[in-house]
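This is the structure I want to talk about, given as structure tokens.
Chain naming follows the written order as A, B and C, and within any one chain the residues start at number 1.
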Amino acid sequence: MSTAVIRSSSQKNKQYQPYIDAKWGLKNHWYPALFSDELKEGEFKAVTICGEPILLRRENGKLYAIEDRCCHRGVRMSKKPFSFKPCTVTCWYHGFTYNLENGRLDTILAAPNDPLIGNASIKVYPVSEKYTMIFVFVGDADYAPVPPLEHDLPPPLEKEYVNYCKNLTEDGALTVGIHRSGESNWRLAVENGFDPGHVLIHWKSPLVYAHNLAVPLGARPITDKAVSIIESDDGPIGIRNNTVADPDGTWHYDLVLENKELGVKAVGGNPMIGLRTSMWLPGVLRVENFPFQGVNLYEFYVPTHEDKYEYWELMTFDPKDEEDKKRILDQYEHYLKKAVFHEFNDDDLWARDAMQPFYQNGVGFEEEKLGEMDAIIIGWRKLVARHARGIQDAPKELNGSSKC
Amino acid sequence: MSTAVIRSSSQKNKQYQPYIDAKWGLKNHWYPALFSDELKEGEFKAVTICGEPILLRRENGKLYAIEDRCCHRGVRMSKKPFSFKPCTVTCWYHGFTYNLENGRLDTILAAPNDPLIGNASIKVYPVSEKYTMIFVFVGDADYAPVPPLEHDLPPPLEKEYVNYCKNLTEDGALTVGIHRSGESNWRLAVENGFDPGHVLIHWKSPLVYAHNLAVPLGARPITDKAVSIIESDDGPIGIRNNTVADPDGTWHYDLVLENKELGVKAVGGNPMIGLRTSMWLPGVLRVENFPFQGVNLYEFYVPTHEDKYEYWELMTFDPKDEEDKKRILDQYEHYLKKAVFHEFNDDDLWARDAMQPFYQNGVGFEEEKLGEMDAIIIGWRKLVARHARGIQDAPKELNGSSKC
Amino acid sequence: MSTAVIRSSSQKNKQYQPYIDAKWGLKNHWYPALFSDELKEGEFKAVTICGEPILLRRENGKLYAIEDRCCHRGVRMSKKPFSFKPCTVTCWYHGFTYNLENGRLDTILAAPNDPLIGNASIKVYPVSEKYTMIFVFVGDADYAPVPPLEHDLPPPLEKEYVNYCKNLTEDGALTVGIHRSGESNWRLAVENGFDPGHVLIHWKSPLVYAHNLAVPLGARPITDKAVSIIESDDGPIGIRNNTVADPDGTWHYDLVLENKELGVKAVGGNPMIGLRTSMWLPGVLRVENFPFQGVNLYEFYVPTHEDKYEYWELMTFDPKDEEDKKRILDQYEHYLKKAVFHEFNDDDLWARDAMQPFYQNGVGFEEEKLGEMDAIIIGWRKLVARHARGIQDAPKELNGSSKC
């Protein structure tokens, strides 16, 4: 063609096109890979993050994360990983042996003199074990400096804040949780997480009945401080629904307690004091004072595949002493795990999956009709577009379809 | 490229290209969605027609059909439809509430003051409950006037016609049937339905043995009146195999009773008097006087997905009185349903599925070799190309694959 | 565009691009379709080779192979093949009847006077029953002359060769085996077959323990005679690993018995005398003197679909007399079939499947990093590029996706 054909982009796409492109996630960020107790001394385990296959290894107390794909014929080493020598992994197929520190091909079992040795390598990942989890930094091999893990986690609340509760990064925090996979794109999971208008799906949750929780129909922003953007070069980037009153009693959201046209009133009698939701790059939800005061709930939505994410659900408590800790763990194990992480959150899991067909080919981002209540979702999309350290490409194995 | 590359189209494609494009069906036509007794008062039920998700509702005896996709985030409302107010459906996710009459967004449970209210809408469909079925008119939102349902159904036979039997649209008709889904494109199902050369597949049917039915090997057109085209601006459009003699005794088909080269003779001794097949837009088969004299058999092939259709099988009887009606229903329930709709028609279902791989990418339409016996199939394709009120596009969710 | 965009091809692709294009196999070659005893007198059976559906028939002791797709509506005749007349097959749908010798449409059951008769045909395939198998020549209808089957099989070893063992094509050979399907492209299966560096996967095989087989870590070519290319216009085309010493005691491979860096030594005490692997177009492996001296093991990797192949495993023995033959068959049935064809070869099947994701879109061929040990694989790829009689296209049913 001698003249260019330009598809007219809608205005919204111009505002946050990088977000629309981020089907495979944001790169150059930290993501949880496993709980600490899921990788025992001497074990190998495989995970997928942002489409990248990653092999984790704990050896002599140290953690390693390396590309789970042999450079020779591309097989996943995790299918049968060998460890013949400290700090190496040997591929089960031809014995390609990689140094876990730097990914270099150190030897080949079947060919100890091959010229490839020392001249080939696979990717290694920065890894950090903190706050009960093993985190991996997924991004460009030459990205430097690697930012601190804490830049990709919600920051602590101010101690003097009236609804303060302990953050998972703070000393003395007791954090428990589970993870499992969800069948939608990670962005739909994020957007469901802190969406103030989706409470209808939780109305019939046993948790709501059990505690007679006051669940409003919705929340309508009424001042220009309803949503806070937290952005800086030196710290976590996030966005928060200011659903609690200022110290002077000013409210920024109007809770919708009745829809007169439909004759529907909000349920429950016990207000959820201090509940505030916020979302942090690369996709971490914090719900303050939920399911009750003094507890922070977290959710991580880790991109794995274009239509799948790993769903992490955690709660952080602030036990007074060992006795209290025991009581909390007992309550978690026998009640909260099921009531919050399953019964309550299952409704969200289901809702995210329900959006996937509309969004899977990108049509949803063009045809959706967002309302006032979605202001925070638009805010989040723009925030990602401004601050994501990079947009992940589709895995190379999926890229070559037109070539052969 | 500086010069255009033009794929040479075969002659046949020029004759009925719109038909070849109609993978997702014909639009601006009436299709059966459910049997009347499948939608009870107060119920919601979802169907898919021509790739469009449709939510049906019966409320205070009135029927509604509305797009089963919330305009907000694209979810199917049918997963958990709410009805808080007469003549509305509320989406389970954020409470978007649509007027069932006109599809307008009447309110949002979570945001009763949102500016979207009154300014957004989803599609509604004309609906008609007649002849034991609920029909939906699937097409362009602004298509007007909507033609009468009877334009998309076979018309009554003339009362004085010697082989007259009652049409499903006539007073006193007793119509019974089933529907289920078939795994092929709807066009392959249609073309199997009235194809005069496929009788070999029915030879071993228990129905043929039970009644010693005379099944010819085939039927060869011998006059130019073998096939009738029924077309007008004001009524059903169809095509008919004239396999019965004219009043003066003239035959237009030569029944093939023997293939000497193969040493094969037709089976059965009892001729099927008055049997005539015809196909009507948008894809309705009538077989007159089948499985025996006085009964009309109908089949609807409703496009649902590109490789799936809803297969409707019905019979219309003409009971003399209530006693006779009871007898017919008893015979249907305990014999005809299984012998005709399952044992006999299962052979057709299987045959259609068998064509699907060859046709699914359009190759079949280019490479098939049609013979004399397929004259009526060619006739049907041209008829559709001339008279279809529109060709349905692929669903928008499938359209955006290259965009994101 | 007014200027051409040329994707820079890597050097390796230039060397064997036809091989990279051969996803659907090599055409104009002989492939095994069935074991002789899998097709009994009077039977029809269907197979798929290089994406082509083929219907086999044994009638009056003669074998026929014909396209398993009716020219009329494209259905597989094998779903219910009829035989009304000698040397014909009649399609179950409309009775299109083909001559098995030449594929010509001889009659149509339902339309004995149709002008298509005598003017349409489907493909027939040269077929040859030898060496316990039925072979089909898959390729262009007009390819001539069809080469002898033996050009597509490993040739006999020289009688005077010190490690001589009988070839499956020689008089007195006793050949037994199985076939089953594998879930990878046929090229990955071939390349696994004679790869000298993959022995690690067999270390823990019961067969190795049972016979204390000396399995080296690998084999490193040390002279320029390590790999022999056998190519001529008049006979089999192959490539061989010369892993046995010359008569003068010269070795061309250095067996790797230890990897000092990893502290790993080869296992087993009994050397496998005379073991030599070779690969022959279109994809036939011979392993001489395996699992023990005097036995030839063969594997055929028959392309069926782009991500599937038929895996044939055979052994040829040289029984002294009927008594010996009985003993061998007994040993095979109760020991070798399981120990070699399943326990040992299952490890290879698994390894091939593991390569498939990396190679399925062609990315593997661009990104793989081959070493010295892969010299024979590169040699094989170039040999195919030079000598394959043709590269098979994707099946026509898959080709039309953009047309309709």
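The rule is short, and it goes like this: a residue touches a chain if its C-beta (ideal position, glycine included) is under 8 Å from a C-beta of that chain, and two chains touch if they have at least 3 such contacts.
Computed from a predicted model, the values in this text were never measured in an experiment.
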Target chain C, source chain A, minimum contact steps: 1
Relative orientation of copies chain B and chain C, as a Cα rotation angle in degrees, nearest 5: 120
Check the residue numbers that chain A and chain B use where they touch, and answer same if over half are used by both copies, otherwise different. different
On a C-alpha centroid basis, what's the spacing between chain A and chain B, in Å? 47
Hey, what residues on chain B touch two or more of the other chains? 2
In their shared complex, chain C is touched by residues of chain B numbered 1-2, 20-21, 23, 195-201, 217-220, 256, 259-264, 351, 354-355, 357-373
Give the list of chain C residues in touch with chain B in this complex. 1-2, 69, 71-76, 79, 82, 84-85, 88, 90, 92-95, 97, 106-116, 120, 396-401, 403-404
